[in-house]
Amino acid sequence: MEFFADYFRELYEATGWNFVIFYEQYEYDRFLEGMWVSIKLIFASLLFSLVVGFVGAWAQGAKSRIVRYGISGYIQLFRNTPPFVQILFFYFVLGNLTPSYDAGGYQVAYIESFGWAVISLGFFAGAFNVEIFRSGIEAVPESTVEAAEALGYTRLKSYIYIIFPLAFRVCLPALNNNLVNLLKTTTLAYGIAVPEMMYTANQIWSDNVNVSEMMIVLFVFYVGLVAILVYGMHKWEKKMKIPGYG
Amino acid sequence: MPEIGSNASTGWTPDQPMVSIKDVYKSFGELEVLKGVSMDIMKGECVCIIGPSGSGKSTLIRCVNALNDIQSGSITVEGQEVNAPGLNKLDLRKKVGMVFQQYNLFPHKTALQNIMMAPLHVLKQDEGEVEERARQLVKKVRLEGKENSYPGELSGGQQQRVAIARSLAMNPDVMLFDEVTAALDPETVKEVLVTIQDLAEEGMTCILVTHEMGFAREVANHIYFTDRGIIVEHGTPATFFDDAKDPRTKEFLSQIL
Amino acid sequence: MTINSASHANNKAQTDLPVLLPIARQSQQSAMIERHEGTYRLNMQPRHIAWALVLFALACGAAQAAAQPEMLGPMQALFKWMEFILWGPEGELTGFALNLVISFFAMMLGTVAGAALGLMQVSLLLPVRQGSWVVTQFFRNSPWLVLLFTIMLLVPFEVDLGFVVIPVPDWIKAVIGFSLPVMANISEVVRGAVISLPSGQWESAESLAFTRRQTMWMIILPQCFKRMIPPWINWYCILAMATPLCSIMGVEESVTFTAQALNAEGDRPELIPVFYSFLLVIHFIYTYPIARWSIRLEKKFTVKT
C-alpha cells in the first residue's frame, strides 16, 4: 500500500494532481468513512424499499377499500413529485415531529438525517416496487396455484416454492431498473447533510483545494458502481430467465 | 388382517364406492351451480362427465378435491368425508390427483423437477427414490428425452402428459381430469388421451370432465350428463350414446355428434 | 441437479400452450423499454392531484390547529410568501419561475447536444461511434447531483474573452449541469428510435441511390421524430422535477426561497409542512398537464403506425 501512497505523492509533486486521499492517512480515513456511509445508505434504502414494496403489494390485494386507495395514493404521490423535495419534507416536517432524547444538555433526535434519508428514499423506490411486485404476483396464473394446492402444497409452501420464484423471475428486470435508479438517487442525501461520499469529498476539497481530483474520484466510484451493477444484473437476468415462457 | 386396499381409519373397503357424492348443493354467492348431484364411483372405474358449459361439471370435480367447498350434501373419498371441518387436506390430496386444463406446470422447473417437487416438498421422501420414480413416470407417459426441458419448451400435449406424471408421482387412488384436452391443438389431443387410456386400463379410478365423445365411448365405464347443475341422465356408453332417454340428452348429443 | 444452459440451445421451440399469463410478457417488455429510455414513464391521472391537495389540506389543517391566535395563520403566511416563492422579488425572475427557466434552457441545450450525440452513435465511423457511446454511458450513469456539483464548481464564474468579460451566473451553470444527463438520455432515445426502424428503410433508400446523409435527414429522421416525442416530453418532466437540486448550490429557486420564507417567519414548526407540501403541489400542477399531453400524443401517433 505504501507503493500507492508514494506514487500519488510523486504525482502531486510532478503534475499538481493532488489525489490527497491516497497518500495522507487522515484524508484517506475520512474518505473511507464517507464511502462507507454511502454504501450503508444504498443498502439500507434498498432493503427498506423492498420491504415497502412487499407490504404495499400485499396491501393492494386487501379487502378494505380505504387501504387500497391509500396505497394507490401513496404510489402516485411519490412517483410524480420531486424526490429531493420528498427528502426535505421527510427531514424537516417529520423530523420535527419525532421525539428526541436529552443527551446531556442538547437534544438528539431518535432518527437522524441518515435515518430520514433511508426512509424517504425507501418510500420513493418502494412506490415503484409495489407496482413491480404486484405485476409479478398477477403474472402467476390461478390455475398454477390450484395445481400446487391439488398436489398437497399448503398456502405457505406454494408461496415459497412456486408463487414467489415465478413472480420474482417476472419482476427481475423492472426491479433491477429500480435498483440502478435508486443508486443514483441516493446522492440526494447530501441535501440533508448526511455524511456520505459527496459530503466528505466536499470537506476534503475545502481543506486541500483539489476539487477536480475529488470529482474524478467521485465519478469513478459512482459510474464504476453502476457499471458493476448493470453487468451483474444482466448476468442475473440471464440466469433467471424462464426458458420459452409466454 | 385388513383387506388389501381398504382404509382402516374410515372402515372403507373396496366393495364400497371409492368416491361417493350424495346430494351435493353448491352455490357461488347467489348463483346456484350444483343442485343436488349424486353419483357413486367404484374402484377401478373410469367415469366421464359431459355436458354444456356452465352445467357445473368442473365445479363438481373440484369439490371432490376440496378446491371448492359445498353448501350441503356429502362427498366421501375412500370413506373420508371431504367436507368435514377438521379435514386434513394433505391426506385427501395424497389420495386424489388432479390435472387441469392449462397453466398446469410450474414454468421455472424442468419436466423432471416438476414431477419430483411434490414428493420431495410435501411428502418429504428421499431424493434418490423420488428421482428414480420420476424417471419411470417420464417413460410411462412416453416423454423420454424431455426430462430436462422446461414447460415453455414443450408442446401442449407434452405439458399435459408431464402434468399427469406429476400427479401420479403422489401415488393417488383417484385421478381427476378437468377438460385437460380443451386447450390443445387437435393433433396433440390424441397423445394425451392415449396416456389416460393406458392409466384407465391399468385399473386407476378416473373421473374425467371432457368433450371428447369418442374417448368417452371407448374408454369410460360410465357416463354422466349434467345440465344446469343436475345429472340429467347417466349410463354405460352403449346405452348412453345409442339409447338416450331424456330429451335434453338427445338434444345435446345431436348437437355434438 | 444442474441443468446445463447449453442444452437449451436445442430446445428453442416455443410452446403452443402458454405457461404464464400475458401480463408476464408485458411487464418484462415494459421493463426493457424503461431500461432503454433511461427512466420510468410518468403516468399522471387527474385523481393524483387530489392526493397532493389532500396532503396540502391536511398540512394546513394541522397547522391551523397548532397556531397561536396572535401569529399569522398558515394560509395567511402562505399567501404572504406565495409570490416570493413563485417568482422572487420584484424585478427578478427567480423562485419557481427560475426552476422553469432552468428546465427550458437545460432541455434545449440537452436536446441539441443529445441529438448530435445520438446521431454520432449510429455513425459509420467506429471511433465516432465508440467515443459517443462512452460519453453517453458516462453521463447516463452518473448521479445528477455529482454532475451538477462538478459544473458549478469547475466552470469559472466569468469568462474573459480578451475584449469582453462575460459573467456566468449560477443559474447558467445549473443549466449546463442539468443539460449533461439530459443530453446523454436524449442521445439514447434518438439512437433507439433510429435503430428501431426496419432495415428495409435503409435498404430501399440505398437502392434509390440516396447518400447516407440524405437517407438520414429525408427518410429516417422524419419517421423517428414522432417516436421520439413521448420519451422526450417524459424526460422534460423528470428534468423539471429535478431542478430543485440546484438549491443545494445556492441558486435562488423555489426551494431556496421556501427555506428563506420559513426563516423569516421564525422557523415555526407548524408552517413547515404547509410550505413544503405547497412545493410538492406546485411541482405536480406544473408537470401534470405536460405529462398528460405526452400520453395524448403517444396515443395519437401509435394509431397510424
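Note that the chains take the letters A, B and C in the order they are written out, and that residue 1 is the start of every chain.
The working rule: a contact is a pair of C-beta atoms (placed from the backbone, for glycine too) under 8 Å apart; a residue touches a chain by one contact, two chains touch by 3 or more.
Because the structure is a prediction, the values reported are computed rather than measured.
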Work through the pairs of chains, note which ones touch, and then classify the graph as line, ring, star, complete or other. complete
Decide which interface, A-B or B-C, involves more C-beta pairs in contact, and give its chain pair. A-B
If I average the CA coordinates per chain, which chain comes out farthest from chain C? B
Closest chain to the centre of mass proxy, which here is the mean CA position: A
Counting in whole Å, what is the centre-to-centre distance of chain A and chain C, each centre being its mean C-alpha position? 20
Centroid distance [mean C-alpha coordinates] between chain C and chain B, Å: 56
Once you find the CA centre of chain A and the CA centre of chain B, what distance in Å lies between them? 49
Counting only residues that touch at least 2 other chains, which ones in chain B make the list? 102-103, 105, 107, 150-153
By the touch rule stated above, which residues of chain A touch at least two different other chains? 141, 166, 242-246
Show the residues in chain C shared as contacts by 2 or more other chains, in ascending order. 8, 11-15, 18-21
What part of chain A is in contact with chain B in the complex they form? 141-144, 146-154, 157, 161-162, 165-166, 169, 242-246
Taking the complex as given, what residues does chain A use to touch chain C? 73, 76-77, 79-86, 88-89, 92-93, 96, 128, 132, 135-136, 138-141, 166, 170-171, 173-174, 176-177, 180-181, 183-188, 190-191, 198, 211-212, 215, 218-219, 222-223, 226-227, 230, 242-246
Provide the residue numbers of chain C that touch chain B in the complex, in ascending order. 1, 3, 7-8, 11-21
Listed in rising order, the residues of chain B that touch chain C in the complex are 102-103, 105, 107, 110, 112-113, 131, 148-156, 159, 183-185, 188
Help me check something: in the complex, which residues belonging to chain C touch chain A? 8, 11-15, 18-25, 27-28, 30-32, 34-35, 39-40, 42-45, 47-48, 50-52, 54-55, 59, 138, 141-146, 149-150, 153-154, 241-245, 247-248, 255, 269, 272-273, 276-277, 279-280, 283-284, 287-288, 291
